[in-house]
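Here the chain labels run A, B, C and D in written order, and each chain numbers its own residues starting at 1.
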Amino acid sequence: MLKLQRWFSRNQLFEQVVCKKAGHVDHAFGSHPFSSGVGIPGQKFTNTVPKNENDRVYAAYNVYKGKAGVSMFPCLPTFTKLESGSLVIDRRGSILLTFFPAIGERKYDWTKKQFFSLNPTEVGTLISLGPRDSCEFFHDPGMLSSTAGQVRKSLSIKAHADGNGYFISLNVVNNTQSTKEFLSVPFTAGEFSVMKTACSFALPHILGWDRLTKPSLGMEKGFQPNKVNREGLSLEWKR
Amino acid sequence: MLKLQRWFSRNQLFEQVVCKKAGHVDHAFGSHPFSSGVGIPGQKFTNTVPKNENDRVYAAYNVYKGKAGVSMFPCLPTFTKLESGSLVIDRRGSILLTFFPAIGERKYDWTKKQFFSLNPTEVGTLISLGPRDSCEFFHDPGMLSSTAGQVRKSLSIKAHADGNGYFISLNVVNNTQSTKEFLSVPFTAGEFSVMKTACSFALPHILGWDRLTKPSLGMEKGFQPNKVNREGLSLEWKR
Amino acid sequence: MLKLQRWFSRNQLFEQVVCKKAGHVDHAFGSHPFSSGVGIPGQKFTNTVPKNENDRVYAAYNVYKGKAGVSMFPCLPTFTKLESGSLVIDRRGSILLTFFPAIGERKYDWTKKQFFSLNPTEVGTLISLGPRDSCEFFHDPGMLSSTAGQVRKSLSIKAHADGNGYFISLNVVNNTQSTKEFLSVPFTAGEFSVMKTACSFALPHILGWDRLTKPSLGMEKGFQPNKVNREGLSLEWKR
Amino acid sequence: MLKLQRWFSRNQLFEQVVCKKAGHVDHAFGSHPFSSGVGIPGQKFTNTVPKNENDRVYAAYNVYKGKAGVSMFPCLPTFTKLESGSLVIDRRGSILLTFFPAIGERKYDWTKKQFFSLNPTEVGTLISLGPRDSCEFFHDPGMLSSTAGQVRKSLSIKAHADGNGYFISLNVVNNTQSTKEFLSVPFTAGEFSVMKTACSFALPHILGWDRLTKPSLGMEKGFQPNKVNREGLSLEWKR
């Protein structure tokens, strides 16, 4: 149990950091005004464009509905380069969900956004859901720190009774500020299919397995990544 | 509802532009005479080869049947480069379907082609169809403009009663010209399986997610695209 | 019907050419002695290594059973470069199956190999088979030529009654030589799962869709392949 | 049967070599202390970082549970370059599973790790398992050598009765040392979904099919890898 909680904690810390960061630049990945996914060109955000972030790509998949919207995109893992030249994964990637409430027809209040970061196992759960399945994930951003229990987030994915779509809802309870926020976005079967297909595509990448299977560009000695020295085996076999 | 309609509008405008363009050069992507998918080498088109279109690739998947044929291929999203060097998605990609009527045995009238562009959510709907499921999509090319309602298109995908294939049919009603066109192509289970597999493959690409997960070529600083600055997190964690 | 037959013909011609070629060099792709898939190191072939074929990769998936074996690997499509610089697909790719009879314990007679080349739609049929489904494909290598009907090939994929595997069998009737050959390889559910997964992976590549979705390497102007000129659209939208 | 055993033998030899190697450097791929998958930062290993292994990437997917944990990552195939410049697959890739027992709360005894290497067909079996299916694989590391039968390993994947997860268990019987080891890790449906998705992604790569479908980087003559010389065919066709 504690094990799970520690993971939740890391996830939530991550979400906090993203929040703080977003607070400074008034911006979050995947929620860029230019990347309005399903095409609502009229909406206006006051976000500023991020600076000093070269080579970023903004291409979130967004679903806008009457009471709220949600934006999703993958965060790749980070690697550390050892002296030997090997790369060791430092932190797993995730799928970051950003929820935001509607404040009018096709207008959304971006300053009230809430984050929920899906770890690989949560992504695995999501993509294995059948048309009548549901699931719920719990995160505590302050877990294992002095702020443990102050904020509690839960994400629920609940199938429609007719098996023809889902409600994806985020619940954030802040005990310190005595606030509760509930943001719920209905997904059609088609929208959920996009989410599942995109998350299935992204999962090996957020695990870092795309790096395991690709030779390094332009490096001949990188030709057989993860090659195990099998001379002993071959010798033994030829006898 | 309006939200949906606006999207439809953009889609349809796109289809109009493709049509106009095709009108000039007597050609459309994916319908190139050289790319006759399932192999009807005898067919003759009067299309000319497009000019000034470097680095294009023509590789449509085509299904030719007795009364009509259809050609499909993915259109990638377009990106805008910000001053910071970041790329922001400008317009989502799509799967463009081109229908054309038969005018004889293995002859098709390319000048009467009709377009229908599937947005990501429509692609998601298509790839989630079971062997007995059906769906229908509606587009209005003039939506939100002075020509709204003049042309109405609907694409229906309807499973055979025995679950062993589909009819994919395009209906175009032009109220101004008082014309109706109906182009229907029966798909075997195998042909639909190709369409589903190819569209599933293409979906992350038309969302632009392949860019999120690939490091930039030859750029060391591009090593961790979409890396979130997590120093704060790490510091907090180590305490 | 004729349409189908013409396709068959092209396929079969392809198979003939491969056969002839293989006859000269005593070798076929995917059947290289070094690439003995599921590990039968003791087997001896008299094949010679091909010459003048730089940059080839041999990595067939092979299934060896008591009475026969089969080897499979994807053939990529070929493209023609237009003067404009565009690439037009010239010939679809396929999955080439090579069957060979057993002549003893873990020994196979490579000189009696038979080819069957799966086109994209046949691959689509194969990967959509459920655990109790079956299918059959017919090819006539001489179709539409003076040798039409001389050789008839059929490939059948037949589920075991218990849904726990398949028989994949090739039947070749040569009316000129009055010979019949029947090569049948039982596949476990796991082996068929490998075949389905590998063929699903290969399908977009044999259609050439991987080229549609990848920007050209090192070409800045290749950044938005298949980009449709949408200025007109954008202008219209902004009004 | 013998055929299967020989394969098992090769696999097991591989596992032995990995073990021996790991014994020297006190380390195994995928089990690197930095790559603690599901986030148990407090755990302490005494492993040293491997030396002289440039360009390696460590990104295992790890599942830690109360009594044991398991780590998995793909091993790519190795290729031999022929004089002609062609690449011939030398040895198939695999998915290497590393099991290790728990010795306390979130502490694992890495020195007691056990390996099991899944060949492509076993990976195919795993990814085709339904929510109530089970399977078992047997390996004998000493097969066909003088140590045959001394060590016997079996890996069982057994669905929970409620269809909501699996037990993945490794049994190692060493008749020489008269030891038996049993390491079992319960997988949630989400964790198994990650394993299936990651293994499906990896399967074409461990077969080497990713190399068949990718043109060589920067080589114009590598534009049509595996292109079959079809001039004869084309000529015949045009008649």
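Keep this in mind: a contact is a pair of C-beta atoms (placed from the backbone, for glycine too) under 8 Å apart; a residue touches a chain by one contact, two chains touch by 3 or more.
Bear in mind the structure is a predicted one, so any value in this text is a computation, not a measurement.
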Co-neighbours of chain C and chain D resolve to none
Which one of the chains is farthest from chain C, going by Cα centres? A
Chain centre separation in whole Å, for chain C relative to chain A (CA means): 38
Can you work out the whole-Å distance between the CA centroids of chain B and chain C? 27
For chain D, residues that touch 2 or more chains besides their own: 10, 41, 79, 217-218, 237
Chain touch graph shape: choose line, ring, star, complete or other and state it. ring
Residue ranges of chain D touching chain A (in the complex, touch as defined): 10, 13-14, 16-18, 20-21, 29, 32, 34-35, 37-42, 49-59, 61, 64, 73-76, 78-79, 91, 105-106, 145, 188-195, 197-198, 201-202, 205, 210, 217-218
Quick one: which bits of chain C touch chain B in the complex? Just the residue numbers, please. 2-3, 6-7, 10, 77, 79-80, 82-90, 92, 119-128, 135, 200, 203-204, 207-209, 211-213, 216-219, 221-230, 232-233, 236-237, 239
